[in-house]
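Have a look at these structures, which come just after this line.
Two complexes follow with chain A in common, the first pairing it with chain B and the second with chain C.
Let's look at the complex of A and B:
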């Protein structure tokens, strides 16, 4: 039995190139993993994590469940292409086994089975396999049809904007679009000439027999298979250099992620898996307020990852991001977009000056003590109402407070971190840590979610409990140490600060506090989907007018709830939203302080 | 000397014809909004680092714009990037962007 003819060459060459490049890339990335990452892999390999990872591979790489959550039609499109193609390969393999028994058949023998079946005069047809294979082909073709539709009118599939692609992507994309239609035509012609095929290909074959003579069909028979093989070959060659690298890369990524590997403040080899697992689906574009509000079209995570992957990342692109986390929250591949952007910024930062922050050595003139340390944070020092409200709350609760930075303190370090200057931030962290230890505080309360995040994630102060003031106030109310009056006709709406909500996962506490003093009305985008106020310290690229434009939009949505007062729990959000709002914008602590009984 | 609680700068001249304004022009070219500065000093008054040291953002960027780069990079490195200056700036200048730009441009001075 022969399993080779000339038209197989493009396919064989393509598959060889693809698997060689994949092997080279993965081996290089794995070899460059730091020792600590290898230890994690070794530790977690023989554990339940491998099983859960395997399940995630099925549910995400094949079924794409997370995309279904974004939009069912979009999910179906991705699933039909991925799962459909996988099943075509798997069932196709079973089909050859059913026809030929367990024997070795070269790869092209499986892929072009219908051709070789005719060539080798296998005349007995298996109607079950013919039907199933045609059904699967229809499944995939429906996905291809939706992909075409998405290019013309993306809104039908729930996407306001789709990705603008680079040349390699366009080549691979065009080839992929032709793979399945060409397969359909080639198999239909085969069915027309030699019989067989399920409802789809034999049906099309019958039509072909009607409209074209046998002579014509014989002439287009070989070219049809050639075109199918060429489409496959071109796709395979372009694949490791294009967005379709994600098809395979997502699998090792899922395993490594389950083994607890994560990107860090500095770039490392693991990042390659995350960067190349991006499929450039463009789901991250729509939530980006820099796009929807400001019309900036080249900075979104999809473009950032693309530029980083092809070594053409510009600083102005890396810097132009609010790091609000709205894209990271929705990313169907679960890429740590913020961390990757941070370590890119870190690689691009200016060379730090050796003697910088030496002045921190002898500035500590702090005094006083208390069980609870209150770190207002730089931004809170600019919102004195929050400070005085916290003062009243502490007094009403009879708390023993040590004020860490009332007369000016040192920044928590997060703004420097967000600019990629982790080494500089470390000096602030060391200073503040020493300060907290010196005053022997048991818990640390802060009004600033920016500070809160860095305290929790970078400070390693495990013996000090770090609380946001929303958590702290709620605790005081629940313990009965703080009595607040509930006013029925006082209506509030709440803006989730990015660093508090998506950053630290604190959504319920501020809401519980608001409900204790009045009525809470939720805006259209809330909780995990809340907007960014636009003034994020992570962005050093947009102008004041652009910040204001975002704030106006956010404020308008909050005012649409009809609430009398806009409440937030971040001094920066308060400052930003007040600029765009007609109604009063206050911090959570203010409404509590006003209703103390 | 009697301590009056303040000091004044030594008298000196800045000769714009003799200073090399190439870096200054590059900085202003990249962020022209810096020219909107009215020199009110709100940035310096609210500055976290300025509260602890002699660091004076208004002074540094004013000197840099006039081609006086000596020591500007070292001074700018005292900034903690906390962003209070940006919030208080009445001209809405992206001060944090300016700090990073000056550090980037004058790193080798």
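Let's look at the complex of A and C:
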């Protein structure tokens, strides 16, 4: 039996190039993983994590369940292409086994089986396989149809904006669009000439027999298979250099992620798996407020990852992000978009200024004995109503407090981290840590979610419990140490700060506190989907006017709830939203302090 | 007899009205407050000559009282302004042959800059409130007693993108110097600090006064904005700032903080511009027809501007614009 003919060459060359490049890339990335990452792999390889990873590969790489949750139509499109193609390969392999028994068949023998079956005069057809293979082909073709539709009218598939693609993507995309239609035509012509095929290809074959003579069909028979092979070959060559790199990359990524590998403050080899696992589906574009509110179209995560991957990332792109996490929240591949953007900024901006922080040496004039440290945070120092409210709350609860940033503490370091100046941030972190240790505090309360996040993630102060003031106040109320009165007529709406909600996962505590003093009305976008106030310290690129424009939109939605007062739990959000709001904007602590019985 | 309506009875409006009356034109002044005079009524002494504000006000009012062709409508606002007609907030319509808008400015609301603690801590006051205290001859701390150390903060609500006030309010620098000297004269042993970004001594005698503040009155000038204010245990105020000339952060305890609140465009300007087809600048102040050859004319023929309606101005400049606007009105009326 022969399993080779000239038209196989594009396919064979394409597949060889693709697998070689993939191997080179993956080996290089794995070799460069830091030792700590390898230790994690070794530790977790022989564990249940491998099994759960395998299941996630099926549910995500093949079924695309997360996209289904976000947008069912897009989910179907991705699933039909991925799972459909996978089944075509798997069932196709079973088909050759069914026909030829267990024997070695070269790759092209499986792929172009219909051609070689005719060539090798295998005339007995298996109607079950014919039917299943045609059903699967129809399944994939429906996905291709939707992909075409998405390019023409993306709104039909629920997307306002789709990704603008680079050349490699366009080549690969065009090739992919033709792979399955060409396969359909080639198999239909084969069915017309040699019989066989399921409802789809034999049906089409019957039509071809009617409209074209045998002679014509013989003439287009070989070219049809050539075109199918060419489409595959072009796609395979373009694949490792295009967005379709995600098809294979998501698989090792899922395993590595299950082995607890994560991107960190500095770039490392693991990041390659995350960056190249981005399929540029563009789902991250619509939730971006820089896009929807300000019409900025080239900074979203999809473009950031693309630029980083092709080494053409510019600071103005990396810096223009609110880091609100709305895209990370929705990303179907689960890429750690904020961390990657941060370590990119770090690579571009981290130039430590040695002399600048000399003043830290003699700044500590701290005193006080309290076991509870209260770190107001720089932004809270700029909203003194929160400070005086916290003062009243501590007093009412009889808490012995040490005011951590009154006469000693410096900036938590996160604003520097967010701008990429990791080394400078570390100086702040070290200074504050030494101060906390010196005062032997047992817990640390902060009113600023920006500080909270860095305390929890970067400080490694495991013997000190770090609490946001919303958690702390709720605890005081629950323990009966703080008595607050509930006013039925007082209506509040709550704005989730990005760093508190998506950043630290604190959604319920502030709400519970609000409900203890009045009625809570939720805005349209709330919880995990809450908007960013627009004044994020993470974005140094947009102007105040642009920040204001976002704040006005956010404030309008909060005011639409009809609530008398807008409550938030972040001093930055408070300042930002008050700029755009008609109604009163207050911090959570203020409404609590006013309700103390 | 021609009839012109002047909206706003501050220095610019008063000057414009008296010039028009001199030309035998009947004038109606529409004033929001219960009496005319405008903001100068609240000021104590005027820079750089320390002329008492009430002297200037009295002289200007004197020129108006002797006229029979003058009508003053107090306690009402103009909602729509055209050359031939002004609609009042009561709905009443006044016919006329030309209009002059001289509604001035609004003082920046210092509570917006929460970090300075205005309205939160005792002894954080605005420059306008200090003038009031000067007038009442009663500058004291909330808890009683004299201030030993006073900080005066420049550019509160001016040149501040964070509160969407990009423009310079022009007169706060010199006001800060003037008030510092007055405070120092009142409390010779007290330390008085000015925290500034730039000292813009644009007028005649201003630079000399600034120099005198340093050489004769030993008033301190620190280049740097105050970033935040917090209370201390003994009821003083702790201010944090950066001395940008030495590049170091500084903390200081003071007894009193004076905020030099800037000039904000009237909120009313936006609706006025929309309803009367007048052009607005990005700052919210009205846009004059031309910066050189038509700075008291508006883009609507027969509607004129005078004073701080178009930009922050000092009192002398506003008075001059009152004269210029009157001249513009007369020329326009003659042409028709």
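Just so it is clear, the second predicted complex is superposed on the first by the 593 of 597 C-alpha atoms of A that agree within 3 Å, B and C clash if a C-alpha of one lies under 4 Å from a C-alpha of the other, contacts with A are read in each partner's own complex, and residues count from 1 in each chain.
Everything below uses one rule, namely that contacts are C-beta pairs under 8 Å (C-beta built on N, C-alpha and C of every residue); 3 or more make two chains touch, one makes a residue touch a chain.
None of the values given here were measured: they were computed from a predicted structure.
Chemist: On chain A, do chain B and chain C fit together or clash when superposed?
Modeler: When both complexes are placed onto chain A, chain B and chain C end up clashing with one another.
Chemist: Now for A:388: first (chain B), second (chain C), both, or neither, which partner does it touch?
Modeler: A:388 contacts chain C only, not chain B.
Chemist: Applying the document's definition of touch, where does A:411 land relative to chain B and chain C: first, second, both, or neither?
Modeler: Touch status of A:411: first partner only.
Chemist: Is A:545 in contact with chain B, with chain C, with both, or with neither (first, second, both, neither)?
Modeler: In the superposition, A:545 contacts both chain B and chain C.
Chemist: Which chain, chain B or chain C, ends up touching more residues of chain A in the combined arrangement?
Modeler: B
Chemist: Given the touch rule stated above, what does A:422 touch, chain B (first), chain C (second), both, or neither?
Modeler: Neither partner.
Chemist: Is A:357 touching anything from chain B or chain C once the two structures are fitted on A? First, second, both or neither.
Modeler: Only chain B is touched by A:357; chain C is not.
Chemist: For A:537, is the partner it touches chain B (first), chain C (second), both, or none of the two (neither)?
Modeler: A:537: touches chain B, not chain C.
Chemist: Check whether A:575 is in contact with chain B, with chain C, with both or with neither, and answer first, second, both or neither.
Modeler: The answer is both, since A:575 touches chain B and chain C.
Chemist: If I apply the document's touch criterion, which positions on chain A are contacted by chain B in one structure and by chain C in the other?
Modeler: Touching chain B in the first complex and chain C in the second, residues 359, 381-382, 543-545, 548, 575 of chain A appear in both lists.
Chemist: Can you name the residues of chain C that touch chain A in the complex?
Modeler: 112, 114-115, 117, 120-121, 161-164, 227-230, 240, 248-249
Chemist: For the complex, give me every residue of chain A touching chain B.
Modeler: 319, 350-353, 355-357, 359-360, 363, 378-379, 381-382, 408-411, 413, 415-416, 419, 421, 428, 535, 537, 540-545, 548, 572, 575
Chemist: Taking the complex as given, what residues does chain B use to touch chain A?
Modeler: 33, 46, 48, 51-53, 73-74, 77-78, 80-84, 87-89, 92-94, 96-97, 100, 103-104, 107
Chemist: Where on chain A does chain C make contact in their complex?
Modeler: Against chain C, chain A makes touches at 359, 381-385, 387-388, 406, 543-545, 548, 575, 578-579.
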